[in-house]
Amino acid sequence: MKTPASITASFIVSMVASLGLLVLYVLGGQAQLEGVLLGFALGGLGLGLAVWATSYMNVPEEVEERQLMGEPEPGAEEDDTAPLPGMEDLSRRKVLLRLLAGAGGTLAGALAIPAFSLGPNPGDDLFRSGWRAGDRLVNLEGRPVRPADIPVEGIETVFPEGKVGLSDAQTVLIRVDEGSLSLPEGREEWAPEGCLGYSKICTHVGCSVGLYRSAAQQLLCPCHQSTFDVLTGATPIFGPAARPLPQLPLAIDADGYLIATGEYSAPVGPAFWNVDRGA
Amino acid sequence: MTRARRVAAVLLLAVPATAGTKIVASAARGQDTPRRYTQSEVEAGRKLFQAGCASCHGEDGEGGLGPDIREAGAAAAHFQITTGRMPLADPDAQAVRKEPAYSDTQIDQLIAYVASLGNGPAIPTVDLSGTNLSTGAEIFIANCSPCHGATANGGATGRGSLAPSLHPSEPVIVAEAMITGPGQMPNFGFDAATRNEIIRYVRFLQARPNPGGADLGGIGPVPEGFAGLAIGMGALVLIALFIGKGRAHARGGVES
Amino acid sequence: MIKWVESRLRVGGWARKGLNKIFPDHWSFLLGEISLFTFVILVATGIFLTLFYRPDATPVIYDGPYLPLKGQEVSAAYESVMRLSFEVRAGLVMRQIHHWTAIVFVAAVVVHMLRVFFTGAFRRPRELNWLIGVGLLIFAIGMGFTGYSLPDDLLSGNGLRIAYSVMLSIPFAGPYLASLIFGGEFPAEAIISRLFVMHIMLLPALIIGLISVHLAILVRQKHAQFRGPGRTERNVVGKPLWPSQTFKSLALLFLTASVMAFMGGLLQINPVWNYGPFKPYITSAPSQPDWYVGWLDGGLRLFPGWDINLFGITIAAPFIPGVLVPGLLFTFLALWPFLEARWTGDRAEHQLLDHPRDMPLRTAIGAAGIVFFTVLTLEGGGDVLSITFDIPVEAITNFFRVALFVLPAAAGMLTYLICENLQGTDIHPFRRARGVRLRRTREGGFEEV
């Protein structure tokens, strides 16, 4: 049986147009071209099917009896195991059927790919917090904070100046007795006058760690009870969190206000597959 | 009267402490400014202290089993003793609210003694005039709700400690807690105005304004889920049992 | 009128057949109907709420009658929920009925499913309807979670944050998937309108579609029945749809709605005004989801803080309790009819239901499953248990870490033994034995004691 070239061509045009759509999407898209390509992708399929049905399917006309609505239902039984007419002819069109499946699949792919429009590529967003060296720490009212503003065993939520409310930059500022600190190596200068800055985002699943047990000097997450030891660099001591709260290196500027001297000790928030590898 | 106004009126009625009410630390004692205690009060307090407190806090409040309280001040002493938290039988247990162990006079004497030990904070004055419910609510939710809960009903804070419910707390007690940071509570360093705003909202919550009906404890989805399953699903199963009568399907049963 | 329609559509035959359809009577067969009717109530109240809700994260200043929030910056979504609660007549009661019904809806689906499981109603030819049921359960939970998140309050906002973080933990795909679903790094503004589309369009369409197929299959296959005199694999004994079963169903619809109305009016639920608007840097305590997500939250609490590092790739701690285990459990649940058929070798059609005692292994596994989910759910409320019973939250978590494995095993074994013991008898475990005690008389006859 000869495969009709017109149908083949239609399906191939559809497939090429769908592939074109995929490429165009990756390249950034263009409304008119997208419309035209989608038109060809759908039209090629439709035209191929139309030519196939009108010119290459030899199914004889049949007569079905009609009952008037006022008449009783006929009891005629049909043999529902007999093959449907035209099946044999259809199953011999192997090439066309494959092309049809190919064109349909490519079109489905082209139609699915705009799902990537739903959100940006995360890139290195997950590794940046919004703190820059020199940023002053300000409280929720936007006022810069001096060590003396925080009582020992006190706690305050702070942000970089000008970025109050920025989720990734939320930091708890805790003041403790300097002598009791035993921070990890290399962080000796990070806590001027006993002022500690830790990311407020729980490293488990991201709730705000605002529950401070001041006598025990532990931070606790209200969501899943992960507990962090403030004196040793917010290391987890109970609960489901596996990672310490990242610490923000602090210093005091010429006017006596607390500033950050750089990024946190680690990416903030819950872990993900490449958290230790970098973007 | 529009519906909005009616709702507002209902909500306002639920709050006895509206702006303009002045709540003084203790009506009986009436400390408005840091109170001067007489030498005889201090001396009587010292005796009480040595009998009931010195075993933990040391002969002169320098600490021992318990913390050094020389800088605790009248505020901490008032908070701890009037709420019955001190004296504490077991120094490892969390101090919780109970009946005070001393009479009002004795309490005054003890406060006088503790205040005389150093320069700790005096009993604060709570003044709700000019406060704004919304300001207090915002600060409360940001700073207090992580431990005490959004409805001030209290919460677990780990290691067996708990943030108590604020519903039985008089305004001055709430203020003292904020100043002294008792137990595991951090010291927030709020100024007097901020404290008053927060207390205004605590007073609002204490009135339990629950426009939606019974609050089921006001601690969120756990009791809600329990009520949904026990009351809701329970009632529906009973209804199904009632409607699905003719349940003689156990083996050998007969269709009724 | 009927004649006029009939002479144009000729459906009288079908209708008569339909109305004569036989449904067996048993109270537990009404659990599926309760699921359906709670869904109907959800749609009805939901349409009302939709008319007032705004799926919009744009910040606005709240200026309504609820004084503690007056002048604060809130999202338009939260503001619309506040307006709906305090300024729209009948708004608060509608919202509360909707929320209570959602809680009971998922419960009804679960209880209905348990009935089907324990009586073996999933066996051939009903495997397809079991699969649809599992799908409906998942969509019902999805409906609940998306609805819970719509008010954009502090409590639900943290729930979304947790959902985002669990997605983030999926190896390789996590960061992309989370970004695509939330429209960027949390907290992204797009999520509110997306949740709304999910909650009022996609999920309801899926649920309505699946319910239709579920019921069509039920009608086609006819209802299963318990064993009893005159009941065989080849008949169905019960009463016709018209009139008694129709009236019973109508009664059940109204009584269900009535229970929901009582709850919605008398019991306050999800007071978003107390929680305040969502801010990404505040979490209040206690922090819980609605009950049907509680077991997932419990798993997150229970799992120890292990970040597994494989060749430089981090398997973050939430992945196992948050994605892997639930995925496996739902797969196991969906495949159960096929697994059981493979183990028992029983591939025959079954129209007569099992008594749970007659299938001790299945019943034991089901009981173990219930205990497993109960332990996880209780752990999800660990901090509330801690204040209620004055036990340290750490002790509760450590206890449940062991109990999660021990208690289901014990419950399973105990159930198995009970089933074996009951098998020889007709005793109903919860009901007094029927019948009378007889005594042999001197004459050789019998008399009642």
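Going by the order they are written in, the chains are A, B and C; count residues from 1 in each one.
One rule holds for everything that comes next: contacts are C-beta pairs under 8 Å (C-beta built on N, C-alpha and C of every residue); 3 or more make two chains touch, one makes a residue touch a chain.
Everything numeric in this text was worked out from a predicted model, so none of it was measured.
Legend note: the chain whose CA centroid lies nearest the centroid of all displayed protein CA atoms is C.
Of all chains, the one whose mean C-alpha position sits at the greatest distance from that of chain A is B.
Chain A and chain B have centres, each the mean of its CA atoms, that are 42 Å apart. One simple way to say how far apart two chains are is to compare their mean CA positions; for chain A and chain C this gives 27 Å. Here the spacing of chain B and chain C, counted between their Cα centres, is 37 Å. Multi-chain contact residues, meaning those touching two or more other chains, occur in chain A at positions 157, 208, 210-211, 222, 225, 238. Each of the following residues of chain C touches two or more other chains: 279, 282-287, 383, 393-394. Contact of a single residue of chain B with at least two other chains is seen at positions 142, 146-147, 155, 158-159. Those residues of chain A that touch chain B in the shared complex are 140, 149-157, 174, 208, 210-216, 218, 220, 222, 225, 227, 238.
The touching residues of chain B, counted against chain C in their complex, run 3-5, 7-8, 11-12, 132-134, 136-138, 141-142, 145-151, 154-156, 158-160, 162-163, 201, 204-205, 210-216, 218-229, 231-233, 235-237, 239-241, 243-255. Residues 25-31, 34, 64-72, 85-87, 89, 92, 96, 100, 103-104, 107-108, 111, 154-155, 225-230, 237, 248, 251-252, 255-256, 259-260, 263, 265-271, 274-276, 279, 282-291, 294, 355, 380-381, 383-384, 386-387, 390-395, 426, 428 of chain C are the ones touching chain B in the complex. Remark: chain A residues 67, 69-71, 73, 115-116, 118-122, 125-126, 157, 165, 167-168, 170, 200, 204-211, 221-226, 236, 238-243, 269-277 touch chain C in the complex. Partner chain A is touched in their complex by these residues of chain C: 7-10, 13, 158, 161-162, 164-166, 168-172, 174-176, 178-188, 190, 279-287, 297, 300-307, 309, 312-318, 321-322, 382-383, 393-394, 397.
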